[in-house]
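To start, the structure under review is shown below, and the notes come after it.
To keep things simple, chains are lettered A, B and C as they appear, and every chain counts its residues starting from 1.
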């Protein structure tokens, strides 16, 4: 990014805060639209307290744990199911049905069984990220160059070795993309679990602030979530680029 | 190095169809300025085929963009019938080098042809007639309902030419039009180009880096030197018409003029 | 031979799974997992058609209106930002910040601003779903091939022809992917906006059933939401394939060669 673009972007941010201040100043929305000053003050008060950081820790922890667990399970399942055509066709309909169904749909059930706990939030996040990672991994396995596979076989590589040295590397870009997409989703689901399921973390704080009418805190939490979202998106992109910059298909995708 | 201008003395009375006068183009200003084209002068008359040849990266595409009104010259001018070009002129159609990027992939061949015609507000019968005759001229009547990406490279470039024909330009400008097609297709397209000139009395300007192609097609060749682009020499060719891929290319004159152009380009600038 | 086997597996496995659920859950006294037969019974009692108009229709209308608003605003604003690159530079960071906020987090703000009514739900859905489409539209338009722009200029297309005839279809594949994400976001926010407050809509009904321990009713709500999520995506996908047949065809051809 060029310096003048950075400058303009910063000016745009500043401008929107000023606009926010002006709209809040009209008191059209009353207390429901606190001024940026009040919001930043609430944010400042939050940041200096331990409860805030533990909420951030809980939300981020749930998101990361859910992401890691779903990545491990998703890759293993995806490779297994993707390696056997019979398994792939058997699960096709189920996976295609589940793919567009967001985890919020099963939230009532998970909350019913586990209650408003971190475990509930974690499980919901796990389910939310699992299906896309499985299907992407399967697509990657399916996309393996048959010539490379045959070559490996003709050199006498075993099944496991082929899986490890040929299939998995060629599925890497698919898995990388799946993880990049899943990372922000994990954060979203962690917030959903708190906001609607009562699981600990920033989501629950949002709910509490809204029902208590503490709107400055509500806005402050949303700002914090925006920053966390930026971090999740940015870091997952960076991670994908770091991990896959060597891969031809990744470079192709960038062009 | 002498900058030999086109011999306007031969045609004193009428204005040239296309008149490029001391055209220059540079990017940036001051010490950072990068001069792409330095002082180009040549003319093209009605019904002529003129080729511009020069080493790749010489700035030929920039020149065409200035002629087509897509970019403005830094100094000097290009004019059609004495009218300075300051935007895409109605009389001109441009055929781009990248046929696969210049056709709309979401439109069928016929609809690609129709796209530039819509705002001309022609009666339906004339629209149909223009498309039909353009497709027939390039031999693609059978492919009119296919999408460009379903066709081979040579066929796609023929669609691009047909689109230009249906637009009924008076001047057809082509940017390395046959660079990315196979040899046989290239010969066919070269002959198509000459046929268009004969059938429609079209004025044609072709940019190419292929010297054989330039000599085969042209009535005149403008040889460009590089960095920045400038006219090394303008050579009038007198190979007999109609030209033929086999007989014309085996004429002693062909070899001689090919050598002349080649030696100009090869010579260290 | 092999193909038939796969076809049988593809159709057979889901059928067997459902039958297995039916069989295993039959006579179940487990609080959390009532018999499937009972869930289906409740499904029919609740949704066909007692609560169809009062809840299903309301939810679906909110979803459709919110998504339509998000699409129109996203594509429209995206066009403005892409065509005015300077304005785009000023607003890029703001837009990316809003995009990064988990969409459901916006719902409490709209509850605070507008209350629990239908307006809040539609606004929440539209505001949360606008960003994927907006960003995809800007990216798609910025990525339009310069040759196509040159072609449009050389053939002196009118602004209207350029916008509708060249830029919009050229950015179409990008916009469609963005809209697909928007649709999913809209669906999530639809449920969230119902669960957070009002006693209306499928999400509200489902959560209410859970809270009042009517487990089979809750299950029937989950089933219904699952079917709607799947169906919405499928309808979108069918439309996309029809509109972007040229793109899908050209990609397949490029991949095959």
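Everything below uses one rule, namely that a contact is a pair of C-beta atoms (placed from the backbone, for glycine too) under 8 Å apart; a residue touches a chain by one contact, two chains touch by 3 or more.
Given the structure is predicted, the values throughout are model-derived calculations rather than measurements.
Asks: Taking each chain's centre as the mean of its CA atoms, which one is most distant from chain C?
Replies: Using the mean of the C-alpha atoms as each chain's centre, the farthest one from chain C is B.
Asks: Given the two chain pairs B-C and A-C, which is bridged by the higher number of C-beta pairs in contact?
Replies: It is A-C, judged by the count of C-beta pairs in contact.
Asks: Which chain would you call central, comparing Cα centres to the global Cα centre?
Replies: When every chain is reduced to its C-alpha mean, the one closest to the whole-protein mean is C.
Asks: Starting from the mean Cα coordinates of chain A and chain B, work out the distance between those two points in Å.
Replies: So the centroids are 53 Å from each other.
Asks: What is the distance in Å between the mean C-alpha positions of chain B and chain C?
Replies: 49
Asks: Taking each chain's centre as the mean position of its Cα atoms, how many Å separate chain A from chain C?
Replies: 17
Asks: Would you mind listing the residues of chain A that make contact with two or more other chains?
Replies: none
Asks: Write out the stretch or stretches of chain C touching chain A in their complex.
Replies: 5-7, 9-14, 17, 32, 86, 89-94, 96-109, 111-113, 184, 187-188, 191-192, 195-196, 206-207, 209-210, 215, 218-219, 221-222, 225-226, 229-230, 232-234
Asks: If you look only at chain C, which of its residues touch chain B in the complex?
Replies: Per the stated touch rule, the residues are 145, 147-148, 150-151, 153-158, 161, 165-166, 169-170, 172, 246-247, 249-250, 253-254.
Asks: With touch defined as at the start, can you tell me which chain A residues reach chain C in the complex?
Replies: Listed in rising order, the residues are 4-5, 8-13, 15-16, 29, 32-33, 85-86, 89-94, 97-102, 104-109, 111-113, 184, 187-188, 191-192, 195-196, 203, 206-207, 209-210, 213, 215, 218-219, 221-222, 225-230, 232-233.
Asks: Under the stated contact criterion, what part of chain B meets chain C in this complex?
Replies: Interface residues on chain B, with respect to chain C: 65, 68-70, 88, 90, 92-94, 96, 98, 101-102, 104-107, 115-116, 118-119, 147, 149-150, 167.
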